[in-house]
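Across the two complexes that follow, chain A remains constant while its partner is chain B and subsequently chain C.
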Partner chain A sequence: MKAKRKTRVARVLITGILILAVLAGLQRLLMPKYMGADREGSMISEYYPQDKDHDVIFIGDCEVYTNFSPAVLWEEYGINSYIRGSAQQLIWQSYYLAEETFTYEKPKVLVFNVLSMEYNEPQRESYNRMTLDGMRWSPAKVKSILASMTEEESFLEYVFPILRYHDRWSQLTGDDFTYFWKKDKVSFNGYYMRVDALAAENVPEGRPLGDYRFGENAYAYLDKLTQLCEKEGVELVLIKAPSLYPYWYEEWDLQIEEYAREHGLKYYNLLDAAEEIGLDYRTDTYDGGLHLNLSGAEKLTRYFGNILQTECGLESRKEETKLAEQWETKLKEYREEIRRQTQELENSRTTGR
Partner chain B sequence: MQEIAESPGIPGNIDDFKKVTTQGGIHMKRRKRTICAAILMGMAIGLWGCGNAAEPEVTPEESALDESQASGENQENAQNQENTESSDAQAAEGYFFEANGVVIGVDMNMDDLLDSLGEYKSVFEAPSCAGEGMSYLYTYASYEIETYPSAEGENLIGYIVLKDDTVATREGVDLSMTREDVIRVYGEDYQEAPNAITYEKNGTKLNFILEGDAIVSIEYVSPVVG
Partner chain C sequence: MFFTSYEFIGFFCLLIAVYYLIPKKYQWILLLAAGYVFYCAADPRYLIYLLAVTFLTYLGALYLEKSFAAQRAYLKENGQQMDREAKKAYRALRGKKRRRVFVLILVIVLCILASGKYVNFLISNLNGILHVFGSEGRLSFVNMLFPLGISFYTFQALGYLVDVYHESVPAEKNFFRYALFVSFFPQMIQGPISRFGDLSQTLWKEHAFQGENLKNGLLRMLWGYFKKMVVADRVLIAVKLLVGQPQVYRGAYTMVIILFYTVQLYADFTGGIDITLGIAQTLGIELKENFIRPYFSKSLKEYWRRWHITMGTWFRDYVFYPVSVSGVMQKISKVTKKTLGDRAGKRLPVYLASFLVWLATGIWHGASWNFVVWGLLNWAVLMVSEELEPAYAKFHARFAVAGRWYYKLFQVGRTFALVSVLKLFDCYTEASTAFRMLGSVFGADNWGIFVDGSLLQLGLSAADYGVLALGILLMLAVSLAGRRESVRSKIGRMRYPVQAAVWFGLFLAVLLFGTYGIGYDASQFIYNRF
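Showing the complex of A and B:
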């Protein structure tokens, strides 16, 4: 009887494990792979395998991951940095990413791009997913999901993404199978590289607003971020990246200046410093002024590296052999990607496509 | 008793009992298999149903291409008429702007209206992050229309902004008027912000942006973007 019961239990267990394995496999297959035009959706998860010993962590939206190059920060200043950026990263998502990051490491400086202060409420599920699906499970992820969900979303769909993505089965492409087990690396320490250029023309002025004040929720998370950094002994630096669009209002800038002054934080409006940085919006952006291309990002990073060195007191770590070796490998990949994209651009110019 | 024992499936003695329990086991196995098959079929049907419900994604560019391929003046006129009629039907439900005889509302597909609205002065293309489609800002002489990409890739209207007093709302308010005029026309049921008063109808916001008592801008805002 006992043997029979054991056999029965074993059968039930094996069947259960098989069903779970099939469901897990299906879930993996059906989830977006973010390897095409939406590859920014893969960036958040790329942080985890890194050696977590960074001097600087950037958090924020596309204005950080397209505009700063950690490779340049290392090469020219010996600063070891990483960008935990994602598409339309909202301030509560930045906050919880910072909270999660501090469980792994304590950087000297946390740089936060303030554009997301314009959003006071959850926006779009697709962008939420690009930040949240890539996070490892942790209390920070749970809180970030709860803070980010739109009315149409449910927490259970984040726990079991197959519930959300089951209808992708008819839209599966070769990528879903190619990247089933392993995805390509899409960033260089969180930097999204583009070497092509599209001049900024006819960039619209901002339309008048009925209320220029940032929302209470946005301020609440900025407060939390300030307190978290203070508690962890990390210097919080606020920046506004030099992207021309979406429009950054003077009224918004004054509020951030005031906040920084009241809380003893450094704030750099790099949009105002565009000329000093040497940015040329005819050649230094790949999409008409929204995001900087490689040329623009490298100029901006050189400028900002100097600030980190002189005003935040970060010192070069180039003498650290292990770190220097790691960066040598990363720089090789970085240069190889520049060469590949430049070649591709040349080819497309030659063929006219 | 005999009758019962002879009934199919009821054991009359121990051998019969063993035989029937074995058969019962077979039945149980069959039942389990049937249940498993039913679950799998259910899942397959579920996936099929979901798959059919999902619309293939169409980018605004593809949508515009389809539009341009639709030829013939009659076809175009018929489409314009259809747009106007459906817009009129919707007009009872929200706030709408009218230009060039065309009724324009938030969340309408801009690609359907482009031909009827005439030539714009400029268009600014703003690619959304991460391949999430393209937003466009169409600037006309006296107003601007900003679009956003829907999940299906449609080019939907997010904002309509009236920039000078050569255009007015359908209810007759323009930029030469004052806050009192707005309240006289639209009533007291509004929300107030430091520099604006806002009316809302079925999710569509109608904002009157003010400097003091003067109106500096009028905007229609979709609930999706506003």
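Showing the complex of A and C:
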């Protein structure tokens, strides 16, 4: 009798383990790998294996991960930085990423790109996923999900992504199998590199808005971010990256200036400093002014590195052997990627494709 | 909170756990609370309708019961001093009072149903009449609530009232117990329509946990989810597109619509009922079957004995029988016998009662003329079949094909085709559109759609068609395998690894191929709206 019960229990246990293994495997297979067109979706998770000892952390949307190059900050100023950026990162997502980051490390400066202040409500599920799926489970992730979900989304689908991606079975590609276990690194300390260029021409003017005031929710999270940085002893620096589009309104700029003044924060509108930075929008952007390419990002980073050094008091850490060694490897990979992309660009020019 | 929502799955799991953990005497109270929570989750305002129907039928039944008891007591006490005529007169007087109350409650409850479902239908028809008479004035439509499943629980409550009126069942004294009968959540929004005599006792009984019930109930639920989410909601994507643009999708597309909608309706409704019966079984409660492999019927008459059985029997018992034996029908029968002969005299009341039943069935399905036409077309086909019965008999006697497999197959195919074509009137809200669509098949010049890839432009990919085909084949196989014994019983006897594989395979099929989540419209069950 006892033996029979034992057999039954063992049978159920084995079945349970097998079922869980199959479900876990299927979930992994069905989740997007973000190795093709939407590589930005892989960037948030790339932070975790890093040594978490950064001087500067950038948070924000594509205007941070395409416009700043931590490799240049290290090379030129000895500043160790990381970009926790993601596509259409909303301000509450930036806030919770900062909250999560501070559980791992306390950088000296947190740079926040203010473009996301324009959004007061959850926007698009696909962008939410690119930010949230890559986060490790933590109270910050839970809060970020709850703050970000659109009406059509369900928290359960974040806990069990197979419920969200179940219908990808008919869209699986070779990448889903190739990157089943391990994915390629797509960023360089959070920087998304592009060497190609597409001149900014006919950049549209912003259409008039009914109300230029940022929303209450956006302000609430900016307040929270300010308080969090104050509590953690991290200097919060607000920036507006020099992307020409989406349009940055004068009225918006004034509100951020006012906020920074009221809260004793530094705010740099780098869009206004484009000339000083030396940006040439004919050659320094890869998509007509939305994002800077490598050339533009390096120019901007050099300019901003100087600000970080002179106005935020960050010192060079090039003397730290271990860190320098780590960066040596990273810089090698960085240069290799520049070489690879340049070559690819040359090839496509030659073949006309 | 639809059966297919995550919230419902959570609600169900919690309910099952609490149901078997609390003392058994409180189980029925938990079910009552669950019913109200479930209904309230859809829209708290719906409760007004549910409570009104419950209260009225409860009070009405109590009155009827008391009246019967008083009549019996009076006759017992005074019967000996009364002659036969006096007793008859007394009974008639009492009966008249009861009938008045009964009819009053019946009318009020039907008005409640109509207020939720038929007011705008009535207004649109009145506007039509005004237009015909050249009036410029129009009545405005009213924004009425349309509570989920109102037809189901209203009919269930009315059935109870009629049963008490006929003394077929005693009235329930405990309001809360009766309220559970009306609001038993698995069946509240899409049936089956239960009878008080069948369901009440099993609802209030104490139910000990039985692994077998839980296992079979869950498997049945899973099968229901498969039908609904893998088949019905997938084909719905194409059906919505096709039915939404009748000016574009006509001709050969009509055949596609007929086939797709037939599949969708079957998978949706039988899937929903499987989930309902499965839930009830996990709770230890047995509900009546609502389908017996309807698409294997050899005639329309047989089909209606096997499709939505509880609705059919409800109309038979509460409309057809009372109407066909009513005084008016007797008179009609008499007059017809005199003028047209015995055969016509016998048949006419039956046909008229059937007419009323099918008119009511049509209106019950929806507040629009397409449903009325659909109901009456069913009636017409049934009556013609009835009239042709002698001709069929002659044919069978002459050719001796009855009972042959190929003839059975022909009959099944013919019935399937007929039922499917009639369902077209269920698809389009305008009956004229349905007729036009049928007409467009003749002389259609777009038969190429079946080979030129047009079917891949209906929102379904080739992979979707593959899943659909497999789903339909599986439904067919399960129907065939379950002729003598349910497939669940057969699975239950299989070896453990096979059972586990079947369970997990079905679960995976729903998980992976189910049409749920972002990108799919959360689709409620078709019969929820009736």
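To be clear about the criterion, the second predicted complex is superposed on the first by the 353 of 353 C-alpha atoms of A that agree within 3 Å, B and C clash if a C-alpha of one lies under 4 Å from a C-alpha of the other, contacts with A are read in each partner's own complex, and residues count from 1 in each chain.
Following the convention adopted for this analysis, a residue touches a chain if its C-beta (ideal position, glycine included) is under 8 Å from a C-beta of that chain, and two chains touch if they have at least 3 such contacts.
The structure presented is a predicted model; accordingly, all values stated were derived computationally and were not measured.
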Determine, for the superposed model, which of the two partners chain B and chain C contacts more residues of chain A.
B
Touching A:Ser170 in the superposition: chain B (first), chain C (second), both, neither?
both
First, second, both or neither for A:Glu105, with chain B first and chain C second
neither
Between chain B (first) and chain C (second), which, if any, makes contact with A:Arg11: first, second, both or neither?
second
Could you say whether A:Glu153 touches chain B, chain C, both of them, or neither, answering first, second, both or neither?
second
For A:Met130, decide between first (touching chain B), second (touching chain C), both and neither.
first
Looking at the overlay, what does A:Val203 touch: chain B (first), chain C (second), both, or neither?
first
With both complexes superposed on chain A, which partner does A:Asp280 reach: first (chain B), second (chain C), both or neither?
neither
Chain A contact set shared between chain B and chain C covers 166-167, 169-170
Within their complex, state which residues of chain C touch chain A.
6, 461, 463-464, 496, 500, 504, 508, 511-519
Could you please specify the touching residues of chain B with respect to chain A in the complex?
46-47, 50-54, 56-57, 122, 124-132, 137, 139, 144, 151, 159, 161, 193-198, 207, 209-210, 216-217, 219
The answer for chain A against chain C in the complex is residues 11, 15, 19, 22, 26, 125, 152-154, 156-157, 162-164, 166-167, 169-170
Where on chain A does chain B make contact in their complex?
34, 36-41, 61-62, 87-88, 124, 126-127, 130, 166-171, 202-204, 207-213, 245-246, 287-288, 290
